[in-house]
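Letters A, B and C mark the chains in the order given here, with residues in each chain numbered from 1 onward.
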Amino acid sequence: MRIGTVLRPALVLLLVALVLRPAWFTPLFAPLAPANAPVIYERSSLLSLSLSHLGLVAAATAAATLVAVGLAIFVTRPAGAAFRPLSRTITNMGQTFPPVAVLALAVPALGFGAGPTLVALFLYGLLPIFENSVTALSTLPPATMEAARGIGLNRWQRLVRVELPLALPVMLTGIRLSVVIALGTATIGSTVAARTLGEVIIAGLLTNNTAFVLQGGLIVGLFAVLIYDALVQLETRLARRAGA
Amino acid sequence: MIEIDRITKTYGDSTAVDGVTMTAETGTITVIVGTSGSGKTTLLRMINRLEEPSSGEVRINGESTRATKPHLLRRRIGYAIQGHGLFPHHTVGRNIGAVPQLMGWKKDRIRARVDELLSLFSMEPDAFRDRYPAELSGGQQQRVGVARALASRPDLLLMDEPFGALDPIIRARAQDDLRRIQRRLGSTILLVTHDMEEAIRLGDRVAVMDGGRLVQHATPAEIIAQPATPLVADMVGDVERPLRLLSLIPLSELLEEGTAPGEAMPAEASLRDALAACLWSGRSAVPVTVDGVPSGRVTFEAIRARAELHA
Amino acid sequence: MTAAGRSAGRVARGISPPGALFAVLGLAALLVPFMTIAANRIVAGEGVMVWRLATPAAALPGVACIVAALLVGLRTHGQPLRLAGAILGLAGLLWLLVQGAPALLADAGDYARVSPAIGFWCLLVILMLLMADALAQMTPGPLARTGLLSAVLGALALILWSGALSPLSILQEHAGRSGAFADAALRHLALAFGSLAVAGAIGFPLGILCHRRSGLRASLLPVLSLLQTIPSLAMFGLMIPILGWVGDSVPGAQALGIAGIGFAPAFLALVLYSLLPVVGNTVAGLAATPPAALDAARGMGMTPGQRLLRVELPLGLPVILTGLRIVLVQNIGLAVIAGLIGGGGFGTFVFQGLNQTATDLILLGALPTVALALCAAIVMDILVDLTRPTPKEAA
């Protein structure tokens, strides 16, 4: 991973510069802008758009994680086992729903703005986290589970001290998938008037200003790639600690 | 005849097989035995060129294995491995017919050969031909694996721990089956194992490998009576040596005139079995039958004398 | 698992817990507006309860069917009956729409629009889940599922063709632009299936190559997964300057339709997104061959080509097809974004609808997309099952 050690800080620097000092890139984007049109998006600050974008993703993913992990724990207990086949059907069918369609369908119900975006991100984010958590909780090494019972841990202790820590790396993979989808869907959220970085790209598309499109696309793309990479690093580290 | 001539295999700095020379006669079973890392599997895999030798060569009936392209060479050599390696998506019939099909046999001929082999391995062709490997027991899977290796009537059969995955009872039966079939077909077999018991039971000749070298190549009786190195002695097991020796000798060798009380034993049974019978029932001799006809006895004294000879 | 299932069953005394959930939610959904009526296609509508839809005599059979379905759904056993119940309930829903729409429109203005409301959609989802729950426990084989899917699609086509639902606003919206709808559908299919075909043509050989060369695999797969993480709108956007440049500077490119805006950038973006599932699953599928079987194949004298064709590919086919399933479902959804960059497809209606705040137009784009994705997933699942190499695994 020697490429990574050089490339990662470079990309972070590029992203920070693109967000905080967009004017530096004027010469680069100028050839792409139509004559007499602005080269750099200035209708609102890129920093505030970035924060709003990431905030939406973080809020939706946090809520989705809580609910999905809770549901996953429920269906892997004896009391919730009857819901297991149904939950699998829902996850399989739900994941075929395109994120854009979920977003569009939330508008008639919730109107425009951050609301439908948040709901769409939340609903769509549930599925990968739930699926991975159920898989992780139901495929724990049987010998370890027997041992946990053998040394006298009660159900609650087994869950908190053994099951959840062991399941964490796989759950985190689900959260990562969820975050990646949420970042992308939030971008489209600007078509329903949520304040996200998609605004820059949409503005470029509406005014035929390729400079805006490229500027927005680069920032969103860099955010996605860097966040994805950071989560992968975290997972590898956790998995190594869990001895996987 | 298989001639292995000063064959060596090196991986970087380490030498897996170091200048091994040996000959296996047509129609015999040679068992290569050794601990893990002794180079026995590498030696076997160099014969059908799954591994290319670093130096030296192998000749089959006088012809160097280098004279043929590897995949054409392998079609003439049967290959059976631990865990059978059957194709899970093909029926038993297709698995057994795999090599004949590669060699372009006619369909009728392949089908006849498959049925012949299934019968030889005591599996009813109509019942087993169209089943999938996952539907068979471990012992049946292993038999199909050996049948597949024999399908094209190869000059030579290579077997790498073929019984490694079987439990002890099925394993003993599989060994007897292999012995019986080898006698019937007169096949030449090179078999790799880590189990000296298996080597003594199956081998016409036993080759012991240690650290990439061939340390002893002899008949089972010689290996037991005169182990060449401490390691070989260790593998044979000092305490059990007389019993292992007796297990190689049939009753017919010590048959004498006379009668004895109790249940009779066939002349093909081993002296070890007769000794056990004497000890267990407190007899000093057991009656012996040849082809079911009472023909004399073997005495406890004679067995003891025979075991002593080698001490 | 079975012990857990038994004890849960004992607690609930023979009532299926999911069935109980469906019954509670379903009855609650009967108490919220079932349809809305609006003065025209833009203004917000007014909700109508199920008992106000039409004359009680006309509404009652529909409600009875739905309640019957929910009650039958409470059973733990007799899945065929639960399935039949769910189908009956869906028929009840349809009956209510068919009865309600003309009755509501009868005394409203010329521009009035009726559409299904939250109650209808909730009941639709609940009854479909009930159906799926019953089906999942019956574990039908590939053939039975094919039959069922064709029956459902056939019934849907028949209902739409009969015109019984045409008073509904979404179909009014369709009637106003049936030509554009057909074009959008064709364009959507061309985007989704065309990009799948191209990704397959590139990704499949690339996957085989990666399988053989671990160096290529180690460098290519991370790049492809990074491509996959780039948000779709950004990816579509980034294609615009690139293809715009190609269109302007490569002679003849524009004649082939390569330009910064439209079909070409959307198509290319979809192809790039598809590469990871195709290549990744091809590699995973080919690597799934048991090592002993592969060693035996080599040992019996198969050439590398024979090993690939006779052993690795047949054993890896289900995993490879699963990759194509992921791509197809994903591309049907992502093709909606093409509507933003002039690439056509159902996305055109979705984004036009969002601009005009016309819900019906949004639905006209979104519902066919969802239906298409769902059908594609079901069909691909059936194909994956059919290619399982041994009967044992399929069971």
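The rule is simple: a residue touches a chain if its C-beta (ideal position, glycine included) is under 8 Å from a C-beta of that chain, and two chains touch if they have at least 3 such contacts.
Not measured: the values here are computed from a predicted model.
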| item | value |
| --- | --- |
| Maximum centroid distance from subunit A, chain identifier (CA atoms) | B |
| Inter-chain pair with the most contacting C-beta pairs | A-C |
| Computed distance of Cα centres, subunit B from subunit A, in Å | 60 |
| Gap in Å, rounded to a whole number, between the CA centres of subunit C and subunit A | 22 |
| Touching residues (chain side subunit A, partner subunit C) in the complex | 32, 78-83, 85-86, 88-90, 92-93, 95-101, 104-105, 107-109, 112, 180, 183-184, 186-188, 191-192, 198, 201-202, 204-205, 210, 213-214, 216-218, 220-221, 224-225, 228-229 |
| Residue numbers on subunit C that touch subunit A, as the complex places them | 1, 3-5, 7-9, 11-12, 16-18, 21, 118, 129, 132-133, 136-137, 225-226, 228-235, 237-238, 240-241, 244, 260, 329, 332-334, 336-337, 340-341, 347, 350-351, 353-354, 357, 359, 362-363, 365-366, 369-370, 373-374, 376-377 |
| Interface residues, subunit C side, partner subunit B - complex | 290, 292-303, 306, 310-311, 314-315, 389-393 |
| Subunit B residues within the subunit C interface of the complex | 48, 50, 70-76, 79, 81-89, 98-99, 102, 132-135, 145, 148-149, 158 |
